[in-house]
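What follows is a pair of complexes built around chain A, which joins chain B in one and chain C in the other.
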Partner chain A sequence: MTIFGAILLPVLAIVAVVTIRHYRLILNRLFGAHRQPYLDLSTATWPRATVFIPCRDEKQIGPLMVALLASDYPEGLLTLVPIVDPAFPAAAKVLDDYAVRFPGKVVPFHRARSEGGRGGALREASEHAPGREAPVHLVFDGAYRPGRGLIKQLVAPFFDPEVGGAFSRIVPATIGPILLPRLLDLAGSEASQIGQQARTNLDQTPEVTAPVMGLRRAALEAAGGWSGETEAETLELGYRLAAGGWAIAYQNRAECHEVTSGAWAAYQEEAGRAARGRIQALLRHRGRAGFDALLRLARPLVAVVLILGWLVALAGSYAGDPFAVVSLAVLTIVLFSPLGSLVGFAATAAAARLDGHRARVRILPFQALAGLASTWLAAREALAQLLAKRRKPARQPTRAVAAENRVA
Partner chain B sequence: MLPFLGFLLLTLGWGLLPLLPAIRELLAPQDLTPLELTDRSIGKISYLARNFRQYIDRVLPQEAGAGDYAAKLMDGTEFVRVTRRAEQLASQGNVEPRVVVLDAPHSLPGDRTYLMEVYARAPLTSGAETNYRAVYGEKELTLGDSNRVFRWAHANGTLTVGPHSVLRGRISSETGLTLGADVVFERAGAPVIAFGKEREPSLPSRAELLTWNPPAAAQKVGDHLRVEGDLDIPKDTLVPASLVVTGRLRIGAGSLVEGSVKAHRDLELSERARVAGAAITRARLALAEHASVGGAALAERSVRMGRNAVVGGPASPASVAGVEIELSEGATVYGQISARRGARTL
Partner chain C sequence: MSASSPATHEGSRFESLRIRGHQGGVIQPHRSMGGLPWDARRLATVAGLTLAAVAGYVALLPGILAMWRWGLDWARGRLGLDLMLGEQTVLLPGGFSLRLPELSTITPQPGVGALLLATLITVAALGVAFKLPPRLTPLRYFLRLLAAIQASAILFFAVSIDPFPFRVSDYLFGLMSTGLVAMGITPVLFGLVLYPMDLVWWRKALVTAGALVHFAVLTPMLVLTHAGLLLRGTAVVMPALFLGFGVLPFAVVFLAFYGWAMSWPSELERREVSAPVHSTR
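Up next, the complex of A and B:
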């Protein structure tokens, strides 16, 4: 076997494993039985719950507070604890106004110092803020807009003593005419309808990828609390809960709107943060996570492998290596094909069908562009993270931003 | 040069042909509406009934011309209003095609079909073999033997359902729902739902129970105990914890679990056994005679409630959910019952 073959064979094997795994999820979601065990739990004696809200942007926090205050959760059982960062005085002022208008219901928690990003803020608040003694903790980031019934839907799984964490489906609040938010909308459908729900059906642990979730306080404490040392704190905590014997409940029929700018720079930052967070979680859990979990956490590394495969196959085909020519053809098909791949055309099409979307699925071919971009971003961040080993959370406010807020 | 450019354009055009729908959607989007949040109020059992009530209030307020007459509502829907002369209803072939508004107490004759909604401002009783699309009672509503409801039924007073009835859709009451024998339904919600006479949960006396010793392999996980494999809790035993059992769980007669329980396989509560919290199973849930669950009772397969078994309590509403649910006489649920494939009284 040539050197090209020796490199490309494992690359093709990894791509095959990922493709088979993806197809298993798609087929399960399309034709399998669906588990939604907490869907009909709408009448109950509801427990006390506290919502922790890490705050930075005073423009975002208002609409979120309005949405949370409109919740149909029983009066007197819900406390909202916005976590006020000293670097963002404008947000602090808005939240203090809310505390005056809703005494006892909105109780801001003022941090003395900004440390540890969102995870650090949540750790500090869940250990010291008023309302921390509630049996159920909920987390909402400023960019999310819950519907009236979402709190109940996130709390319902906690009647099951095995459930340590619960999370909902995230859907974009607006979709602009430009390509990126539309592709992200399709990718979000795929992640929820296929990835999360199929994993729930197959008894695999779904992944908490967005900073919107519910937690049993006892589970949070048993798992060691929030971590300020990762950039994907909910993802990492989800794996810690699972490793501790807790179940993670995914509520596919509980949707939460997300406000996104749709700008390339924001997407780049978010995708980079997600990739770094995955690698951080992989490094932390590589010894105890199962095969499927490892494969999911190693997704950014698979992107590295894929790029390596393309480069080697290209070089090999120019060098006249027959195996490399075949591999190049295979990897090209993997990139742009409905056969199923990292890009996940088949999964996205299936998800669009399940969501009842018609016309928007026509832009599916353009997902190859998103696939290329996300593969490159993930590979770049994975390599950077591996080389840097430890890196400060990207969500830490920069000095410039903090100074700007002070001026405001 | 020209032939080459022509060939190039042709090739490019040919290559782009399959992408035409994508390019068209990209340049002239037809589908940019974000996915709507599921309005969970739709999930409330009485949602459709409440909507209908608001509609009637809007288009035909009570003070607007009571009497016996037929007319059209503002939106063109035909209705018949009845104060005294109920015999005008379903006069042709026992079928009434109009919305019916009843202003006074009535006992409707049986063997009739109401193709549109029936709205009763006073107590209403229907005879046997009556078919309703939907029926709303401001006061008590009594459905006779073998009645059928196809969409929803709601009463502000007590809703009583005669034996052998089939209730599709949502059945609800603000006061209580009493079911006869051999009644089939899908979703029901009321402060108390009972097959026959309602019961209150029987609470084992804590002082008379022996404290449970967990098996050596039981593992403490946060606030509960996790037991791998099957577990039998002896009779008259007090379990002062929540349990997660990866196999089958059987709770002995008269025993009390002070927390919640979850079983990955079948979950059985023997006679007079009680779980103070929720009882949840990945398979089947069986409550024997006088057994009770204080919180939610959820099964991913079936739920069977024995005679006088109780879920929830007068001050603690709860949900019972399963694919199929069976209720024996005296079975009582304080809250809501949801059965995806149907529930029935035995």
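Up next, the complex of A and C:
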């Protein structure tokens, strides 16, 4: 075997492992027995719950507050605690106005200084804000629009004493004719319908990737609370809860809408943050997490391996190595595939069909182009995170993102 | 009680009515719960269609190759391409062999002028990639990748003392083989990701035939296009051609057919039956 073969075989083996595992998830979701516990619980002795809302954008906070105030959760048992950042006085003004209009129900928590990003804000609020003593904490970021019954759906799993965290499916609120929201919609379908639900069916720990979740306060405290030192605070907290023996309940039936900008710059910022957050969680949990969890956390590193393998295959091709030429062809296709899996497209298409959105699958070839961008982004950010000694959470959007968001 | 007794008939009618909703439409389970039915018939369909498609492809292979041979012979003169048409025998496992058409020509090596022109075009493509608006971000990344591949080829021809390991004849033969492999694995891939889906069997057969016919027409045209570009652009464009426009078109065409088939109505919809909810635990 040539040196190129010796390097490329493990890379192709990784692709094979990722692909087979992904294919298993597809088959499980389509044909396997589903676990959908805690469904349709509408009458119960509901516990007190506090919703923590980290938000800086005064335009986002209004619709979220309206949606939360319209919740069917029993009156008097729900407290809304918007976390007011001192750097965003316009949002503070809007929230104070809500506090006057809904006394006792909306209780803004004014932070003295903004440190530690969203995780830092949640840590501070969950330890010091009024309503912190409620047995159930909920989190909603500003970009999300919960439906009327979502709070109950998120609280219902906590009647099971083993459940420490619960989260819902995220669905884009609007999908226009623009390509990116459509691609993100497909990717979201795949992540929820195939990834999260199949993992739930297989008794694997689902991943809390969006800042919409419910927490048992006792579990949160036992796990050490929110962390302000990671850029994917819900993901990292989910792994800490799981390490502490708490179950994480994924509610595929519970849907929360998300407002997306539809701008690539915003997507790149978000994807980069997610990749860095995964690496941070990987570095923190590498000794404790199981094989499945490690493989999921190392997804950005798989992108690095793919690109390095592709470069080796290219060099091998110039050297006239036939195995390198074949590997180069295969790895080129994998570079364009979502998640470094050769069946990523199949998962996307199957999820869209399950969602009843058959026609949306026709843009599947365009997902290949976006796949290349995602692979490159994930690899770049993973390397940057590994090379950086310590990176503080970057919650502030860059000027370019802010400008493009305004345009969008 | 016999299967056609009035009570059974009533029960079946009741079952078909109880899933009806507004204006007689079928009430489907919530999208989070719906699955697909799996039974021995479906497994047999998956296996049968895969085997039939592979067998059909193998049976038609001599005809496809004859068509390619004729098409290449017809087109090379009309396109003014300096190509000789021959045949190469490929030995297959099990003692089988295949006679593939082969286009041969002298591999044009890039001179200094060609390398400079390639460098200029690469830099221009890179410039375009950086200047494209953010909404075309995926295209930006694709152009950057192409520019990186092309830059590696320019670097090879500029500094390497070893000869370029690929001849145009080998490249064209490899591209044709890629087409054959793509056609061969299409039924197998469909067997893994399309045939288990809830589509009526003839639709699955139809889309497989469509994809295979598309590949059968695309491959010789792609070979001729690449031959023309290589003869004019020299071997320096070979890596970018192979990776950007040789391998990927096959993958994208496959995805297009697959995506199209996956957008068709399901068999459950056609029969007006609600999707099964697999037992919860």
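Assume the second predicted complex is superposed on the first by the 383 of 408 C-alpha atoms of A that agree within 3 Å, B and C clash if a C-alpha of one lies under 4 Å from a C-alpha of the other, contacts with A are read in each partner's own complex, and residues count from 1 in each chain.
Quick note on the criterion: a contact is a pair of C-beta atoms (placed from the backbone, for glycine too) under 8 Å apart; a residue touches a chain by one contact, two chains touch by 3 or more.
Note that this is a predicted model, so its numbers are computed, not measured.
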{"item": "Touching partner for A:Arg358 - first (chain B), second (chain C), both, neither", "value": "both"}
{"item": "Chain B versus chain C as contact partner of A:Trp246, first or second or both or neither", "value": "first"}
{"item": "Chain B versus chain C as contact partner of A:Pro37, first or second or both or neither", "value": "both"}
{"item": "Which superposed partner A:Glu162 touches (first chain B, second chain C, both, neither)", "value": "first"}
{"item": "Touched partner set for A:Leu80, first chain B, second chain C, both or neither", "value": "neither"}
{"item": "Partner chain(s) touched by A:Phe366 [first = chain B, second = chain C, both, neither]", "value": "both"}
{"item": "Which superposed partner A:Ala67 touches (first chain B, second chain C, both, neither)", "value": "neither"}
{"item": "Partner chain in contact with A:Ala263 - chain B first, chain C second, else both or neither", "value": "second"}
{"item": "Footprint overlap on chain A, comparing chain B with chain C", "value": "35, 37, 39, 179, 253, 355, 358-360, 362-366"}
{"item": "Residues of chain A defined as touching chain B within the complex", "value": "35, 37-45, 72, 147-150, 152-153, 159-162, 164, 171-177, 179, 182, 185, 189, 216, 218-219, 221-222, 244-246, 253-257, 355, 357-360, 362-366"}
{"item": "Touching residues (chain side chain A, partner chain C) in the complex", "value": "23, 26-27, 29-37, 39, 169, 178-180, 193, 197, 252-253, 263-265, 268, 314, 317-320, 325, 328-329, 332-333, 335-336, 343, 345-346, 349-350, 352-356, 358-370, 372-373, 376, 404"}
{"item": "Complex contacts: residues of chain C adjacent to chain A", "value": "28, 30-36, 38, 134-135, 137-142, 145, 149, 152, 156, 160, 162, 165-166, 174, 178, 192-193, 196-197, 239, 242-243, 247-248, 251-252, 255-256, 258-260, 262-266, 277-281"}
{"item": "Touch list for chain B against partner chain A, complex", "value": "18-19, 21-22, 24-26, 29-35, 37-41, 43-44, 189, 219, 221-224, 226, 242-244, 259-262, 277-278, 280, 282, 295-296, 298, 300, 316-319, 321, 335-336, 338"}
